[in-house]
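The same chain A turns up in both complexes below, where it pairs with chain B and then with chain C.
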Partner chain A sequence: MMLTAGMFLSISFIMLAIGIYGIVSRRNMVRMLLSAEVIFNAALLTLLILSSIPIHAATQPDKPAIGGAIALLAIGIAAAEIGVAISIAILLFQIKQHVDVYELRKFRG
Partner chain B sequence: MNILAIILVSSGIITPTLDYTFKRRVSAYIVLFVIFIASIISIALLYITYNVSNVLLYDGVIKVDFYGTFLAFLATIGTLLVLIASMYEVRRWSTAPSFYSLLPLTLLGVYYIIFLNDIILLFIAWTLVSVASYALVGIKKDENSLEGAAKYALMGIIATTFLLYGLALIYGLTGSTKILDIIQYAKPLRNEPLLIIGIILLIISFSFKIGVVPFHGWLPDVYGGVHPSIISFIAGVVKLVGIAALLRVIYPFAQIMGNAWLIIFSILSISTMTFGNIAALVQRNVQRMMAYSSIAHAGYILLGFAAATGAGYLYGLQGIALHISTYIFAKIGIFVTLAYLSRIGLKLDLEGLSGLSKKMPITSVSLIILLLSLIGVPPLLGFWSKFPYLFLSTIDIAPWLTLIAIINSGISVGYYVQVIKSVFFLSSKAEGVERVKDPELIVIIITTIVTIILGLGIAPFIASTLTYK
Partner chain C sequence: MNVLNLELIVFIIFAIIAILSSIIVIEHKSLVYAASFLAILGISNAVLFILLGYTLVALFHLAVYVGAAVTFILFSITMLKEAPLTDIPTRVLAMIFTIFILATFTIILINGVYVNIPTPSFIVSYKALANALITKFWFPLLIASLALIVTLIEAITLARREVGI
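What follows is the complex of A and B.
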């Protein structure tokens, strides 16, 4: 069975759709973070696939393997970002005993 | 040139390190000193890059031009003003050293985004600014700040994932990380759907940070709930990041996108302006009113982007830079005023501010001038940036857009005038004394004077020097 770039890209788009659905439908902060992580993994998949299987050979004369480097860098950086978000969520949980962003709308109007 | 950029950048890096090696009281003054040096260097950079074409640094990763140095200068001055204003109240918080170490770090990220020419650098600098600003929003550790920070961090992380997805698609299709090369390789891919999806994902991601309307959910809670001293920085300087990223990364695609560009940006601009202005009309709390007015001003700035495919693109670009300066000075001034008033113990709603002019004349007059500048009253800076540049830039390709913007500007008078009426014409309930030694008052006076002076005919001259290649 041939593995083509199109197949992986469609997997990645399905993951993107799942992530967006999760963000839109859930109101719990941790669940929303997890959905964002699904999108993040979809992005990594796209990055790695597109940097190893060329789609338009004409526009990519000799592609350096930066894709993998960007992916590694992104994983490290995103870990820092998630860390800050989780620490904010923990502080919030200590005060309010829940991390439901829908309930957080205190100042409406 | 190269050395200057290194100094500018390293000043940001070294400060937090210095910050923790000394005792607590020192940190504020060290950061103040470093930011002061950074602003001197940015003035020097402004002088050097004047009439010089683009300079590529670090193997083409950073592109320095006059437009960028102008924005960097604005960001530095904004940070300096916020720092001076924080000298009285914020310095007494228990988390003050973190506040002072996060300011230069964020500013460093802002510099990188302003001078950006590489998508890897975009991702890194973007995350640097984002992480620093989440921590900054939540730094007071009370309930309101943490609510704001939670939403801000959540929306920021979603924005970052969209950003990475967009970057992955664009890098994968063009095979380059340099923006100038990407544009060249992208020209034959004009009709490739993946490229369009990538660009749209990037626009969504930047819109989250600017607070453009379908993605504005976090903004009223952050700008309206967190302490105004911090918001003066978030609203004034961090917002520049989204606009600068849009300008550096998305703007070159205007010719490739063609008609779709005008449609996307006019929809975003109209929804943002209209929502911001109408939502602000019903607010009674002045801080939340300013949060919605900040959304509306993001909409005006997007007008300049919508003009990119027409003949008025240069007016659009000059308008963006000028309006950013209007916005930075006015918003920093207003939020610092609110911080000052809340420190004195006033409630920040229209009743709480009634009759303020009897007790605190200088603060009230400055507040009114800054509000008038945001409305766009002729002798002030806001008039120049709004009407001759931003609004006229789209008139040849989309006159209806200009019309809607002018109508929106009319609607916005409604809520600004409520504040003016409350401060000047209602009977006096507000208590408080202003003292000339208060650092907040100094900042308020500086922003007001700058707004007036730049309005007196200097703004068109500045705009004429700003060209974008």
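What follows is the complex of A and C.
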């Protein structure tokens, strides 16, 4: 039995569904961020699977390298995004003593 | 046991770990444990990247994502406390929504052209990745670097800020 793209994609889709469930069902900001990170991991896995399979290998020989480069950039941006989101959560906690996203609507200008 | 079977065994083990740790990240009561399992999810994802041939991306994922980002979350949430959960109807709606999305992707997976293509056994080289980054993605690389620097400045500013200012 060989490893196929479908095996990797099914893992990725399950992780995506779990992450979406987490985002929709929670109102704690940090919980939602953790769920978004699960979705990010699923998206990264999907990107690398689809760039690694040799479906247009003749016309796009450097497709695997381009997928890897996009993945490197995505990981860097995700690290920056986590820093911003956690900083906002800490600031919200300092002001309101909780991190409930329902309360965030009161911060509208 | 040949190499391909070994790859399959490694894939099954780390796929199960990835799914279980995703569920624990969402469902565990303690935020600290949830963040710890996010790190385990990152590690198992890195192993899956290695199976796909992206060794350098896996190392970067371990160093930057698991080593820095998840550890940052882990240390930051010790300063926070848990907000109450949503009501049951919202969770039921979320479950229905999730099942709908999962069913959609299952249909795509069953009818997809990519499904039965075996994953190739190559390793994307450091040279090819660096070439793609410098020639095709120099501008996104610049933006990503600027974003990281701005995040650093923002984190320092927020950390030095007094409450109420």
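As a convention for this text, the second predicted complex is superposed on the first by the 91 of 109 C-alpha atoms of A that agree within 3 Å, B and C clash if a C-alpha of one lies under 4 Å from a C-alpha of the other, contacts with A are read in each partner's own complex, and residues count from 1 in each chain.
Definition applied: a residue touches a chain if its C-beta (ideal position, glycine included) is under 8 Å from a C-beta of that chain, and two chains touch if they have at least 3 such contacts.
Model, not experiment: these values are computed from the prediction.
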| item | value |
| --- | --- |
| Touched partner set for A:I70, first chain B, second chain C, both or neither | both |
| First (chain B), second (chain C), both or neither touched by A:I82 | both |
| Touched partner set for A:A36, first chain B, second chain C, both or neither | first |
| First (chain B), second (chain C), both or neither touched by A:L50 | both |
| Touch count on chain A, higher of chain B and chain C | C |
| Partner chain in contact with A:S10 - chain B first, chain C second, else both or neither | second |
| First, second, both or neither for A:I90, with chain B first and chain C second | second |
| Touching both chain C and chain B, counted on chain A across the two superposed complexes | 9, 16, 19, 29, 33, 37, 44, 49-50, 54-55, 66-67, 70, 73, 77-78, 80, 82, 84, 89, 91, 95, 99 |
| Residue numbers on chain C that touch chain A, as the complex places them | 4-5, 7-8, 11, 15, 18-19, 22-23, 25-26, 31, 34-35, 38, 41-42, 45, 48-49, 51-54, 56-57, 60-61, 64-65, 68-70, 72-73, 76-77, 79-86, 90-91, 93-95, 97-99, 101-102, 105-106, 109, 112-120, 122, 124-125, 128-129, 131-133, 136-137, 140-141, 144-145, 147-148, 150-152, 154-155, 158, 161, 163 |
| Chain C-touching residues of chain A, taken from the complex the two chains share | 1-11, 13-22, 24-31, 33-35, 37-38, 41, 44-45, 48-50, 52-55, 62, 64-73, 75-80, 82-84, 86-87, 89-91, 93-95, 98-100 |
| Partner chain A, residues of chain B touching it in the complex | 120, 123-124, 127, 130-131, 134-135, 138, 141, 143-144, 146-147, 149-151, 153-154, 156-158, 160-162, 164-165, 167-169, 171-175, 177, 185, 188-189, 192, 194, 220-221, 224-225, 282-283, 285, 288 |
| Chain A - residues contacting chain B, complex | 9, 16, 19, 23, 29, 32-33, 36-37, 39-40, 42-44, 46-47, 49-51, 54-56, 58-61, 63, 66-67, 70, 73-74, 77-78, 80-82, 84-85, 88-89, 91-92, 95-96, 99, 101, 104-107, 109 |
